[in-house]
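Here's the structure, in structure tokens; my notes come after.
Letters A, B, C, D, E and F mark the chains as written, and numbering starts fresh at 1 in each.
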């Protein structure tokens, strides 16, 4: 076989591979393009400049012109979002003739979403306040906005959550995954989170799809609010959407590396210590800590 | 000294600094440019569009044209990869006259690599299936492909591993490090990983160079499969390449934050609980969990 | 209300929202633009090419031309840095007439910073040596430079720390946060870190603002050097700048996932085991490990 | 009035200005965006790479891969062209409900156009041959393809002419105007031009809408084939589309700067000298030259 | 001499060459950067989108949002223009301490210029009408706006002329030269041009600095309105700014290739034929044509 | 035939079309890529910043850093130029084994070219002086450098001419054609041009391959220095390289639109009037003007 012969065969195999995806249940060959991660990122970025005017977006503008920039950005982001929402809706289409309907629905959902921006901003302002009040290293609310990964992740989460309530498929998950990539904080768009939420440092935080988190909750890096177990169907596929993540009540603090699994309830004003592994509910006001570290040398040989 | 005088001195010092790197054993001044992280990222991206046709790459194409796009991308990625492989091979050259030989070898290795793409795709399809089957939050295989960091990291790992088996220096490590940056999942290209591997959330996962992982293994965020200790040579430099990471047998599950260190074996169908610290082998079917969390308030003062 | 009516109302609300930020104590509407994260990233990138000449920056140059590229980059980065330092200084201005003064001070601080580049390079060379000597997977110092997230994070930290000692506001934090996003390693620019520091893998590492770390310290992924508690003022706002993070003495090793909180001292040559939770000082030479993992099945039902 | 007051007034006036355009008969506010000059340029560029495979488009490919690149480009250019054709068709819509119809028609016209590409290529090959054969400075056909403005202009003209025959509005004119900008050669897409056409240098050439040019015609820079006069309607507006430009028969040569105006016929094998001004027909085989230049100093003072 | 030796010498010579420019009277090393052609091009492009709203600028917006985009563009273009005006003013500074004054003056001139935009638009609308009414090939005013080089050139000229009346140095000339490059139409910003001006095709048109052109004038490609002679000073340098170009009265038509030189007056309603060379005044209503072309073969040998 | 069927056929035809080019004598499928117009443009731009330091290239640098930027640019442009010279040399290769030889020769020619840069700069300085001295509209030498198309075209010509003397194929022509596109001035790289050359306005100027132009010559827009006739070979192909363009002696002025054809000699200090058509030699000191324009109305009907 000639040199190119081997390559030509690979091109053939890869060209034939959509069938392999279809066999898995994938729908890559639908009649309309899939949502684009790059476009989702630009949309989230534009929305962030609307939610934090003067902090992101055009750097050098002044108060006289702010309104013009906001209007221009609303125009642009509406068009971009509508296109991606339509793609996401079409992804669930089974017939080409539904595309036009997806277009109309996308326009309507986009309009509804845009009208929630001011309310989303209110939540984020409270999150900023919680970061500033709660972190001795934070020298101003502006620093929290400009440099705190927790605020970045919550901005993307609150956008994605609003889209998820409007039942836009796929796109919310893509948006929170962008924030996950940038911050290491993985919040499922389906989670419900109250006001004044503060995540410090944040790398490794996981907040599962069916979590319910109250107001004024504070969590640190590496905290998992996950599922412990879940039912599977006859084919061994996990059954989707069952409530399986913790409920965290108001004013709870959870320190770094703690893992809370299952549909348990952490009572209000509880404090969960670092690296704790917890799979049961605890009453309000609980103080939970890891067993004391040992003072010995076992498993730590001289060679290290 | 004039204002610029001080700056000029710094320019001189930095210009003279390659000697400092040479003193460390670095080879930055070799006769051919070093591999480029940016180019490596573009190559991995192009390969991803070949491995998941219709999901990444040109967004709006249709089935009629798919084969053309795949062929055009194979052409482009082959050329780009060959250049970076040549750079990586030249990095280990000691004499300029070896460069031409590196070029020929790079062409041959690139050709061998390209011919493995279909096989790599098969592995990734199984990984996608494992994600969809194993995560109740995953609503379709497509969502796993588009939004799961575990799939992203495995795509890059499986590419890098194939290059590493072909003994391409440096480049595989650069590719997995890109995935580490994007996903927080750090898989060494030298690790051996079986089929249907599922990493959920993934931030903080570390899989060391000499790990051997079986089929249908599932791990969660923050899991470390690391080395416990390793020998050093007379100069105090760690001896390279010694088997020192765990062997994980088929069907093992390892929960978030667990740390398994050393050349230990985790027997098949074992379940390792969250935050566990484990430095010894366990037999098949083991269930390992952290000591119970204490219910007390120690070290958690009222001031928090 | 017309379709556009609802949108127009949102545009009005968002346009009026700078007042909301001002109410929080934010200063987004100062007379000069805020520092730009994008510009900060470009500056850090240019500085990295100065600190590792031949590794980053122009790929294909040779020794004859190195000095020219270094000089040209010093020119470019000085101008860019001066602009961002001026923005950061102006951010703390209360009156427009101070802007010119900020400009002069920015020029002076930039000049002072540039003159420290050779010294910063010396530290980084020692960090590279520590990585190469300490990691059996590291095949050359060059690999550490090109592909180790720890080196990336320390490069950004050492730049930011120098700026922070010059009392440049905001910018150092933005720079370390970029490294946090890329590597998952979160080092506050205020921390003090000695020579030959090695962070392996690094995802989830947190090093707090008032940490003091000695020479030849080695830490692994997921290690937190954090605050345990801190005083708040009458309004419930955390009091800023109080020493509240650990002191790590020379030659200490801290394994993955360990959490050390509060102004405690870890004596020299101590080894802190993985996943340990530690909130008190330990004497030199200590060996601290987590309580042994249990061998049981509790909380791990057959359904998982 | 405050400083911004004056600017705000201008913003208001410009915002209200679409009415001024409407008063002229302009349709800028139609329901669909106008064709984009930038998109038209990209389309023409992609088409050029199809018409001259190996000369434009991906630089480093080889024969094995050519077909893939061509197919991929056909896919891309079809989509881009269809969008711009739809915009052009919608430009003449009077009602929003016609947009879908424009979309269908655009798809059909695009398909018809693409199927003419091979035929267009045949014409261009003959034009290249004419350039090579006819210019002593042209060292190879490749040089004509790579560096001759006449070939560039004819490529764009032949594309635009084919679109114009399909009755696509606006777009053909935008495409030839791009070539006019690049080459200084202004060929109206409505002109009819035979085979083996050669334009040397070309700056200042104008070929009007209703010109008919035979085979093997050769023209030089600055030649105008224009209209002499044309009727106007009762409002003084020029009546559109009347035949008013010259007919140039086979094998005619027209030297630089010659101007031929009106619906005249230049008989075959005629030679029209440089700078000639001609407004009447001439029989086949004519030789027309400008009156002899005078040998005197009039109007050329010593001061020059 | 080593290979690099020769190159190093060239670097030295070029580095020392600013002295050569200074010797000519050039001021390249002034204390502030020179105006940038690229920035001038972006400014002119932004201004064009303000002057033709809906035709250029954001393609897909609609009437609801137009005002926001216009305001946002006014903000952006004001800032960009102010910077380039300051550079142009500083270019004429002789002392560094004048830079701040240039900044204040630039802000004021920019404000004055912006306030003329609506008036400039009025002129351009008349030019568009003249193009549509006067060219049988022009199918709509929109086509003139989107595809006529004459309208492009007049847009840039009318912008540059307004800046030139405000006595901004250099920048106006840079702006008209951009239009010259794009269209082949070279209008000096100092020329005075009335309303309803129409330039058809335009390549090669030259309109000199001290031209005065009335209303409703129409000219074709290749027309020169130039200087015939001009005085020089004792050093042989042309004396600057003397009136030396033609005055063209209302309703004159000048056909392609005509050349009119010197401070002559072309009386109203005159028609100047193609390729005419004219260096004297003509009364109103004149009809001037080139001597009849000869019908002979001289100088056109059979070999051609 | 299915819709795609027709398109597939076109893809096949275009894919097979390299044979059509080969039939013409084209060499598009040579073993090495063709020179790239885009790369040629970047090279010419970089060279321009070396030839006019402080005018083009980095805008905001100062005298302290100039030498670094020049050295860095020499490095970059040498590498880029060497690659394009190699492509151009390979274009004339007939066998793949000559490629390495082309590479060596390209390195040598590039080195020789770079060493001429200072000398090229000397010529351009004289051209700038000629523009400033000779044009009353030119307010400073800097304006000539920044905004005069003649200086732009001469810069590209003098670069291309030096490459052409080194016998680099194709590339010189591509470079002058870029200038032709930007300025409308078409100077063949083979032409020989003395010092203090001034082209005013320039659109439509054509200077042929074998022209010889003395010192202090001044020409205006639309001037052609072309060939009158040329011999063809037995196949009707123009014989290449024969001297066939005018010789212009020192201190000649040629006004706009003049056409001089053939191997004629224009004696020193002659003045050739506008629109003159000249095909014979004239002695030194000649004054040549067009026949007087007629004062009549022929061919200019009332209807115009």
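The working rule: a contact is a pair of C-beta atoms (placed from the backbone, for glycine too) under 8 Å apart; a residue touches a chain by one contact, two chains touch by 3 or more.
No experiment lies behind these values; they were computed from the predicted model shown.
Distance from subunit C peaks, on a Cα-centroid basis, for D. Residues touching across the subunit C and subunit F pair largely coincide in numbering: over half of the numbers involved belong to both copies. If you average the Cα atoms of subunit A and of subunit D, the two centres end up 52 Å apart.
Rounded to a whole number, the gap between the C-alpha centres of subunit D and subunit F is 24 angstrom. Residue positions of subunit D touching 2 or more other chains, listed in rising order: 7, 11, 60, 64, 67-68, 70-71, 74, 184, 203-204, 222, 230, 257, 273, 275, 289-292, 299, 304. Listing the residues of subunit F that touch subunit D in their complex gives 3, 6-7, 9-15, 17-18, 20-21, 24-29, 33-37, 91, 169-170, 173-174, 177, 180-181, 184, 186, 188, 190, 203-206, 208-209, 222, 224, 226-227, 230, 232, 235-242, 244, 253, 257, 259, 261, 271, 273, 275-278, 282, 286-292, 299, 301, 303-304. Residues 50-55, 59-60, 62-63, 66-67, 70-71, 74, 78, 111, 114-115, 117-118, 121-122, 125, 128-129, 132-143, 145-149, 182-184, 201, 203-204, 220-222, 228-231, 255-257, 273-275, 279, 289-300, 304 of subunit B are the ones that touch subunit A when the two sit in their complex. Contacts from subunit A toward subunit E in the complex involve residues 58, 60-61, 64-65, 67-72, 74-76, 79.
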